[in-house]
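You will see two complexes here that share chain A, one where it goes with chain B and one where it goes with chain C.
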Partner chain A sequence: MMDFIIANAPALLIALPMLGAFALPLVGRLGDSARTGWVLGVGLITFVIAALLAWTVLSGGPVLYTFGAASPADALPADSGGIPIRIVFTVDAMSAFMAVFASFVGFITCLYSVASERRSSGKDGYYALMLLLLVGILGMVCTGDLFNFFVFLEINSLAGAALVAYRIDKGVSVEAGLKYGFLSTLAGLMVLYAIALLYGQYDSLNMAVIASRMSYTMLDKVALALFVAGLALKAGAVPLHFWTPDAYSMAPGAVTAFLVVASQAGLYGLFRILFSVYGLTLSYVTVGWAVIILGVLSMFVGVTMAIPQKDVKRLMAYHAVSQSGYMLLGVGVGLVVLGDAAAMDAFGRTAMEGGIFHIVNHAMYKGLLFLTAGAIFLQTGTRNLNKMGGLGHSMKWTMLFFIIGALAIAGIPPFNGFASKLMIYESVFAFSPVIAVIAMVVSILTLASFVKVFHAIFMGPEQPRHADAGEVPKPMLAAMAVLALLTILMGVFPEQIVTTVIAPAADALIDQSAYVATVFGGI
Partner chain B sequence: MIAETLYTGFGAWNPVIWLVAFVVALLLAWAIQRLGEPDIPGDGESGKSYISGNDEPSPEDGHIGGSNLYWGFTEAMKGYYARVIPLHTGCLTDYVLWFLGTFALLFIFIGVI
Partner chain C sequence: MIENVPFFCAGLLVIIGLVVIVTKKDLIKMVMGLALVEAGVNLLLVATGYISGGVAPIFTNAPSTDMVMPTVQAMTLTNIVIGIATTALLLSFVLVIYKKYGTRDVTEMRRLKE
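Up next, the complex of A and B:
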């Protein structure tokens, strides 16, 4: 049984949450307890499968899974002319890393939703969309086929837009969902057009095949610009970030925490296209600088726009934009020096590791912060910082979790945000001291912003208008506690995380030939 | 303990050593606090806030809201904010224009340079 699960883990990773989603209307008829057990069971088993897959990849190298083939590793049948004609999942360390933490956050947000959505109607649809969002994310990070990537990107976008608009909230959330859905579709169409340009030239949709034939023609450059613009929009990078405060602020707290991971899947797609599909054929210095500029703009505009916000979730959404900038910066620096082995060894690899490490750290502490914001909204009914205060008296655990998340996002030791930011600061400083200083200033402004939020929400005397506010139910506290614990542990033991997971993920991106060989080695 | 050290290529960071130092500093701070007066002497009047002879405001009025903080920062940066905040119109068609403009710039940057 275990051998079967391990051998078919890439397929099960998608099939299980998809089955879980489509069966929910039936399971929901059995009652709340059955629905809750089903969702949490599916979420937990999906995470376990992702962890097993990651263990397989980290111990034995990339996993190739061909759908419909007699043997999953047989991507190139003898009569195929050397082209993988079936849909292929190519799971390397980067994919496995993304799959593990995405499925983990998916499980945690479902656990949180058990309590936060308990008074709401339409729970079958809500959880079905959460599981479909998970399917979209996992498919995006595992697939080795470009059209398949587009399909999962669309599943990700549609499920996300529906979740943003799921609670009526005076119609405003519907508007936010419409914006998210429209822009995500626009980004998806640009990605589809880019895929068509590559398919027209290289007669294949398989990423490894295209990578092996890439000649970087003018059409490839057009396709690359479309990919970068489309996926940067999905990731919420400045100046394509406008949808993030609208969508993140109107979605329920658990959904927002999961949407952060959905955006990071867009970031993954961008990195996969740049490194694994184009690789050394592109003008990596030019494109790398484009990524760095997007990163620096995201960092600075995100944090400065956060400071004057009065809506706690809009403020956090701008911080999410700002933190994405660190990831773009770290990986962008690695891309600039991709062809320079000495510079890559000196600082490029560390910058990439810092950027990738920041992805998972951000998912943990930003997820935690959005969950605390959801808890505060549940108890006070407002997101307006001017109408809060004194909640530290009645919501002590939420306050503690908020402090942990806030210190982590500001890069204060010993929390996880500090470890990844330190790697980014030091490596980027070797590349460009000015950019490193900007990154540090952004961290200081982030801390300043969260001091304001902390003071406005939790400090001061108890407010009579929030006299009824108490601590949130235990499932919500448990979800926040798990993320808080990981935020601490990943900060106290950063080297273990970097050595075990992050460094192999960075190497998987850097080594394009290994990615190509994963598919062509299956002959 | 060395196993927890994160090497960045230029330096190292050991959270465990930092945590030990932090706990020692906390213990010192606690010890110093213990040396102080245990409570405010008298009938409690001296513990009340003195606000130029005015009555203490109600708890709701006395809390400084989120908008009141960093007024100086936003005032100093008002030239920047006057340009950047209006760009966030909330209008979907504007967002689409930003997307098209960014794609055009990216294409020039990637395709021509």
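Up next, the complex of A and C:
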């Protein structure tokens, strides 16, 4: 049984949440507790499978899974002429890392929804869409096939758009959902156009095959531009960020925390295309600088747009844009020095590890912050900072979790945001001091804005209009507590996490030939 | 030259679709623009699978070099199905917005900004 699960983990990772989603309308008929148990069970087992898969990858190297083949590792059957003809999942350390934390955040947000959505109607659809969003993310990060990547990107976009628009009673959320769905579809079509351009030249959809045949012609450059534009749109990087504040602020709290991970799957796609498909054939200095400029712009524009916001979730959404800039910056620096082994060893690898570490840290603390915002909205019925105040008296735990999240996002030790930001500062300083200084200024602005938010929400005398705003139910507190605990643990023990998980992920991106060899079996 | 026409048409369709999305104010017309972009992408996909003098892939006795690759046709079909799903979802959003706001004009929708 155990061997079967480990051998088929990549397929189960997709199949299980999909089964969970499609069975929900049936399970929902059995009553509330059956549905809750079903969702949490499916979420937890998916996370366990992702963890098993990651353990297999970290201990035994990348896993290849061929759908429909006699043996899962048999991507190149004897009569295929050396071309993978089936849909292949290529799970290396980077994919496994993304899969683990995406399924973890998926489980936590479902746990939170159990309490936060308990009075809402239409829970069958809500949880089904949550699980489908999880399927989309896991598929995007695990697949080794470009067209399959596009299909999962569309699943991700459609489930995300439907979730953003889920509470349709005021109409504004539908407006945000339309915006999100429209732009995500456009991004998906750009990616598909680029895939068609690559397929037309290289006769294959497998990323490793395309990587091995890549000759960087004019059409490849056009395809690259389309990939970068489409995936940056999906990831919400400036100047393609304009959907993020609307979508993030209108979605229910738990959904927003999960949408952050959905955007990061877009970021993963961008890195995968840049490093594993194009790799060294790319004019990496130019493209690397383009990624760095995208990152610096995202950081700076995001934080300056966040400061004047009055809506607490809109403010956090702009901070999410700003934080994704750090990831782009770190990985962009790694891309610039991709062909230069000395510079890569000196600071490029650290920069990439910092950027990748920041992805998971951001998912933890930003998820935590969005969950606290959802808790505050549940108890007060408003997102307007000017209408809040004095909540520290009645919501002590939520306040504590908010403080942890806010200190982590501002990069204060000993929380996890500090660990990854320090890696980015140090390495980027060796690369270009000016950019490092900008990154630090952005951190200080982030801290300033969160001090303001904290003061507006929690400080001051108790307000009569929020007199009945007690503490939120236990499942919500538990979900926030887990994320807060991880925020602290990952800040206290960054060394261990970087060496066991992050460094293999960064190496998997840097070493393109290893990725190609996964499919071709060590040729 | 003549064999390149489908590729130019595909590019042209995408550009027309993008122009429609950017210039039109009516939400339904914007969704139609998105459908045009999609049609362009589909045309490009089908066009990449064309072999001059090739045989349909269902005819199994043909020499394999003469067969048109069925992959792109499968991809196009998949994308058409996905396109129907997205268009239906987006149009249902437009429907709800029209019910709530009484307008389909994007310039009159300011509620999100307030």
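The definition used in the following text is that the second predicted complex is superposed on the first by the 520 of 523 C-alpha atoms of A that agree within 3 Å, B and C clash if a C-alpha of one lies under 4 Å from a C-alpha of the other, contacts with A are read in each partner's own complex, and residues count from 1 in each chain.
Everything that follows uses one rule, which is that contacts are C-beta pairs under 8 Å (C-beta built on N, C-alpha and C of every residue); 3 or more make two chains touch, one makes a residue touch a chain.
Computed from a prediction, not measured in an experiment: that's the story for all the values here.
By the document's definition of touching, both partners, chain B and chain C, reach A:Leu178. In the superposed pair of complexes, A:Phe67 makes contact with neither chain B nor chain C.
Once the two complexes are overlaid on the shared chain, A:Leu226 sits against chain B while remaining clear of chain C. Shared-chain residue A:Met218: touches chain B; no touch with chain C.
Note on chain A: of its two partners chain C and chain B, the one contacting more of its residues is B.
Contact with neither chain B nor chain C is seen for A:Trp397 once the two complexes are overlaid on the shared chain. In the superposed model, A:Leu186 lies in contact with both chain B and chain C. When both complexes are overlaid on chain A, the residue A:Lys170 reaches chain C alone and has no touch with chain B. Once chain A of one complex is fitted onto chain A of the other, the partner contacts of A:Asp246 extend to both chain B and chain C. Taken together, the two complexes place residues 178, 182, 186, 246 of chain A in contact with chain B and also with chain C.
On the side of chain A, the complex with chain B involves touching residues 178-179, 182-183, 186-187, 190, 218, 221-222, 224-226, 228-229, 232-233, 239-240, 242-243, 245-246, 283, 286-287, 290, 301, 304-305, 307-308, 310, 346-347, 349-350, 354, 385-390, 413-414, 418-419, 422-423, 426-427, 429-430, 448, 451-453, 455-456, 459-465, 491-496, 498. Every residue of chain C that touches chain A in the complex is listed here, in rising order: 14, 21, 27, 30-31, 34, 37-38, 40-41, 44-45, 48, 69, 71-72, 75, 78-79, 82, 85-86, 89-90, 93-94, 96-97, 99-101, 109, 111-112. Remark: chain A residues 147, 151, 154, 157-158, 161-162, 165, 168, 170-172, 174-178, 181-182, 185-186, 189, 192-193, 196-197, 199-200, 203, 205, 246, 250 touch chain C in the complex. Those residues of chain B that touch chain A in the shared complex are 3-11, 13, 15-16, 18-19, 22, 59-60, 62-67, 69-70, 73-74, 77, 80-81, 84-85, 88, 90, 92, 94-96, 98-99, 101-103, 106-107, 109-111, 113.
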